[in-house]
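The following pair of complexes shares a single chain, subunit A, combined with subunit B in the former and subunit C in the latter.
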Partner chain A sequence: MDPSLYLDRDTWVHRLDPRTKMFLLVGMFALPFVFLNPLYELAVLALVLFFGYLAQSLTNLRRIWFILLTILIVTTILWSIVGSGRTPLFLFVEREALLYGFSNALRIVITVIAGMFFLSTTRNEEVGIGLVRLGIPYRFAFAVSTALRLVPTVVATGLTIGQAQRSRGLDLESGNIIQRIRKHLPLLVPVFVTTVRSTNVFSMALESKGFGARPERTYFLRTAMSGRDALVIMGFGALLAGCIALRLAGYGGLEGFSS
Partner chain B sequence: MKEVFAMWRHTQMVVLVALSAAIYAAVLIPFKGFPIIPGYIELRPANAFPIVFGLLFGPAGAWGAAIGNLIGDFFGTLSLGSIGGFVGNFFLALLPYKMWSVFFRRDENMEENVDSGKKFGVFILLVLLASAVCSLIISWWADLIGLFPFLLFFALIVFNNAIMGGVLGPILLLALYPRIKRWGLLWTEIVEPEDASSSRLQRTGAILVWVGAIGGTIVGLILGFIQRAPGNLGVGLGLIPFLLLILVGSFMLGVREQVESVEESMAAEGEESRA
Partner chain C sequence: MKPEVSIEGLGYRYRGQQKPALDGIDLEVAEGEFLVVMGPSGAGKSTLCVSLNGLIPHFFRGRMEGEVRVGGRSTREGRVGEFAQEVGLVFQDFEAQLFSTNVALEVAFGPENFAVERDEMVRRVESVLGQVRLEGFENRTPATLSGGQKQRLAIASVLAIEPRILCLDEPTTDLDPIGKLGIFEIAEDLKDRDDVTLIVVEHETEETIDADRIIVLREGKIVADRPAREVLRDVGLLQDSSVMPLQVTRFFHEMGLWQGQLPLTPEDGLTEFKQRRWRVSPESHRKLVEADAKREEGYGEPVIEVEGLTHRYPNGVVALEGVDLTVRRGEFLAVLGQNGSGKTTLVKHFNGLLKPTEGTVLAGGEETTKQGLRRLGQTVGYVFQNPDHQIFSDTVFDEVAFGPKIREMEEAEIEERVREALAAVGMEGRGDEDPFGLTKGERQRVAVASVLAVRPEVLILDEPTTGLDYAEQRSMMDLVRNLNEAGSTIIVVTHTMWVVAEYAHRAVVVREGKIALQDTVRNVFTEEEALRDAALRPPHIVSFGNALGYPVLSVEEMLRVTEEEG
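Let's look at the complex of A and B:
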């Protein structure tokens, strides 16, 4: 299992400043919530997928297609039950509630896909620098990017410990879900201990390299906002404003739905 | 809450934030394959970690739990709901360490372990409180932005947090506490007393948190039952006073006494070993 989602491609999306990508991510979280009508949500989904195509990151969707599909099904069913509308469809389900359920499922799917594309096009180091450039304190940004970088290491430690236990006869594969979870639990303590044991050495290594010695920092990885970034931000800002104006003008709603 | 921000001055605490976040995320990710409601919530044995992180690493554990949950979301479920997850998990780790010393007198052994009946009882009580608060925050947010109905989400998150925290938490704490203490990584040993918030209003803070958690749970369940579908502000507005009580109460919960108590016991141990 590879926990890293970053795809090393040379596309204009990858070359955008991390702040621009964060702005796009927040915008893509907001955009689906402007509309209620599933047709409009489908248009937003098409836009996000087109963006993923430009970023050559659609391949990562294969990793989460099952989650996306289940979100679509579960959310649509759930809202069809708890919501209500005017037009009876079958049993106690009304047409508007079903449409709203589908629309809400699309909202969640869009935000999950947008998050996936962000991570597919942004390196951990860029996430850290982007946060700092946005005014987040360096130490916090450092903790976030270090944690992101350490996840594969901790997973690898867990796998190594699992293999060591298996070689001593621990059977992690057989049994039902509960039994399998129970068998994995004894691995938690060694994973924790192995990882946390390095804290003091890690801290000394950081301080010996001047961590926190000066308030102003310089970075090996240089990022800068370019004309392309400004164009993308303005373009997406205009799109978002246009969608809000469209909604205020009465388009993209869902008549007859009530919760 | 002074120590929550002052801790960033200590390199060890920054490293502990990163390591706790990485451990939490690394244990969360494989269990995404064991869903309760597919796409929304899964069986999370890792939920025992924030409570243990909180007790061992204090504010570093709280930040670590919040960041770790966010990173876990990066692997398939990052959405607007992740904001609620960040804050909820922060409080899941924050409240156990903030509330711990409320149950002990200053001259009592306040070590955050479960090696006595009283400490085990306090631990279980804090697991229930922190689980309820974490669940209130996440379910309230999910309901407010129209992601998921409050009632079901609340019940599932409380179940996940309380069962995992209550069953696995004591085992983890018993196994880990002696090692963490030996390595000098307990938050009470790293944070200076002057970096910790004053304990003057601790009792009042604790009462506010309990009232907020219990009141929020009752009112949330009633409103959630009446409202059924999310996004129409019933739960969204109704729970705000209780969430504010929890927030204000958390600010009033001081931990300086706890840090000083550990310093005193360490000094006493030092004198004993010299003698």
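Let's look at the complex of A and C:
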């Protein structure tokens, strides 16, 4: 299985300059936090999903739907219990607290989905170049894109090691919390050792391919801001500004909630 | 002519090590030469590689003596990045050195670092991918390539820097026979170019016949430095250096030919055999075949029964389709096939790691899906390829005791089983040692012992000889044979064909998710064409026997059936 999220599709979203995609990412992170009303959050979610549809990246949702659902349920329940409002619903749960919880859950879900669409449409290398074009030193930009690469690699190693230890009889599903954490030791030690080892080879390979050999470097991927990029940035900027204005005008809030 | 690489009195000791990894190495490599480096594990072969581009002394911590000059310039004087343009280094672990999101970007990374213009970069990517036969793969993600393709990509990514010296550290270790051949075809092409010097660390002698020169390292010193064919004919030297001699060469060596006369390939061997008017005794050969049949009669009842097994991965890829297979008690089965053919997927059904999409798998007479992984583990033990994927304890004892402990056995019982398991792998009395301080071969043994301690009836070993030298491979497989003779049913998944020939009884060839061949090893290895379709190739001595019309599996068998005229 390919553990990376990137989907090699030829859509206009994929062709955007990485800086534009980063702008969109930040914007989509900000949007859900402009509003508090779940209805408005649902609208934002719909917008983000529509964007994912345009980027032909909805299939990746299948890989994380379970996590998203868990976040949605757990967050909603937690806030319903912890928060308080004016209108009793049942037992000690108030209507406003439930709605607030649902909104917060949607906020997290939207950010996760937006982040996933970003990774589905942007190569690690593009993240690197995007950062460099924004004035960040190449070494740092490379570190960021390497970290992005490392996550799926470690996950894949972890899956193999999990199989090896389960074959020996390790059962991670039973026992109380402390027992379960202790039981992860047979997983964590080999994951750590293997990752350190391969990171060592990785850094030798980097040096051997002339990483940092010259003060300047060139890029194989071509990136350039086009008219379309400008259009997307302006359009999305306007949308964001409009949403903020809407909220300041008193729409999209949630009356009667207190934590 | 000025040497491309010149090494004088090179010694190196890694920090924290008592013994030097390299000691008094003097070596010159001429421009355009094809040099092969051989020797046992820990002889210093990889250390020699990393000293060529300045990783030693600049990257590693330790003490260096002597001088390494590349193109006349001492590696002490410049940074690794500077030498990288002259010396291309490809590491053994190809997975860890591929990091880009597609093949073209992977290849372009080196040129990018040297600020090569984009047009030139595009040209290089195209030309280099052609050289390693990966045209049309530009947009593929490296993770989706086969082992051989990944290794070729690793080579391409270094070739794109256009180094004058290319050093490959055990480039064929994880590959199926045809994948190996692919790497050596690249080496062949490079050899024909006078401007590229090739240095390859390799223990597969069959692939090194066309090298110009071979050096043999032992304990950090050069013990032989001669033309390749001369070294390959020195059977004694190779055996003493934990390198497997060419089988045909060893056969004629044992038959008493003097060194200079020894043929190297099956073809040359055939000519020699016929010229000397030797012949194969049909009676002796019949005895071999009869012994196979007799052994087969001795097997017990079925212990693993696979019926109509189909496995579809969540992404829809069909990994196995309609597989039927029965393994009986006491068998020694080899599962063969190309990287990605489905052989590992198949055996992972035997211990319940994977569940059939269709069909059934019975282990010990009961469906695997009805037994938990832990209970199944008592019937079927599984030793994974990389021992580092399972070792986590502070002591060898604790590591081996993991299985029995997790099954809540009595203290005395646990100790008894650990002692028994360590004895079985030849590591008795070493329970107090730190597993991380052991050699790869020893860690592999600890991994086997930790599975044995549960006393499973069936033992699955996934590539048990990868990364070991010849002597370690032999001792590992002798250990497995002993377990088989003591009653264990053995299933090995492997690329190493001589291991299959000499140790396994029966072979199953998996190709594109289906069983292509399944028979005694002797019969499977006569089907050279079908094997080639599955990216496999029998060992030299088997091809040699096949050409004579009498399939044999080892040099020893060939010696037994050969009769000299008169």
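The working rule: the second predicted complex is superposed on the first by the 187 of 259 C-alpha atoms of A that agree within 3 Å, B and C clash if a C-alpha of one lies under 4 Å from a C-alpha of the other, contacts with A are read in each partner's own complex, and residues count from 1 in each chain.
Methods note: a contact is a pair of C-beta atoms (placed from the backbone, for glycine too) under 8 Å apart; a residue touches a chain by one contact, two chains touch by 3 or more.
What you see is a predicted model; the values in this text were computed from it and never measured.
Trainee: Does the superposition put A:Glu125 against subunit B (first), subunit C (second), both, or neither?
Mentor: second
Trainee: Between subunit B (first) and subunit C (second), which does A:Gln163 come into contact with in this model arrangement: first, second, both, or neither?
Mentor: In the superposition, A:Gln163 touches subunit C alone.
Trainee: Taking the superposition on A as described, I'd like to know which of subunit B and subunit C A:Thr146 touches: first, second, both or neither.
Mentor: So A:Thr146 meets both subunit B and subunit C here.
Trainee: In the overlaid three-chain picture, which partner chain does A:Gly212 touch, first (subunit B) or second (subunit C), both, or neither?
Mentor: Both: A:Gly212 reaches subunit B and subunit C.
Trainee: Per the contact definition in the header, classify A:Asp171: touching subunit B only (first), subunit C only (second), both, or neither.
Mentor: second
Trainee: Check the residue A:Ile71 against both partner chains and state whether it touches subunit B (first), subunit C (second), both, or neither.
Mentor: Once the two structures are laid over each other on A, A:Ile71 reaches subunit B alone.
Trainee: Now for A:Val82: first (subunit B), second (subunit C), both, or neither, which partner does it touch?
Mentor: first
Trainee: In the overlay, answer first, second, both or neither for which of subunit B and subunit C A:Arg222 touches.
Mentor: Second partner only, subunit C.
Trainee: Does subunit B (first) or subunit C (second) touch A:Tyr6, or do both, or does neither?
Mentor: So A:Tyr6 only meets subunit C here.
Trainee: Both subunit B and subunit C touch subunit A; at which residues?
Mentor: 1, 3, 146, 185, 188-189, 193, 197-199, 202-203, 207, 211-212
Trainee: Flag every residue of subunit C that touches subunit A in the complex, lowest number first.
Mentor: Per the touch definition, subunit C meets subunit A at residues 50, 53, 55, 59, 79-82, 84-85, 87-89, 91, 93, 95-97, 99-102, 104-105, 108-118, 121-122, 125, 139, 141, 143-144, 157-158, 161, 313-315, 348, 351, 353, 372-374, 377, 381-382, 384, 386, 388-392, 402-403, 406-407, 436, 450-451, 454.
Trainee: Quick check on the complex: what are the subunit A residues that touch subunit B?
Mentor: 1, 3, 5, 29, 33, 63-64, 66-68, 70-71, 74-75, 78-79, 82-83, 104, 107-108, 111-112, 115-116, 118-119, 137, 139-140, 142-144, 146-148, 150-151, 153-155, 158, 177, 181, 184-185, 188-189, 191-193, 195-200, 202-203, 206-207, 211-212, 259
Trainee: Applying the document's contact rule, which stretches of subunit A touch subunit C when the two form their complex?
Mentor: For subunit A paired with subunit C, touching residues are 1-4, 6, 8, 123-125, 146, 149, 157, 160-161, 163-171, 185-190, 193-194, 197-199, 201-205, 207-214, 216-222.
Trainee: Going by the contact rule at the top, pick out the subunit B residues touching subunit A in the complex.
Mentor: On the subunit B side, the touching residues are 8-9, 11-12, 14-19, 21-23, 25-27, 29-32, 34-35, 37-40, 43, 45, 49, 63-64, 67-68, 71, 73-82, 145-149, 168, 172, 175-176, 179-180, 183-185, 227-232.
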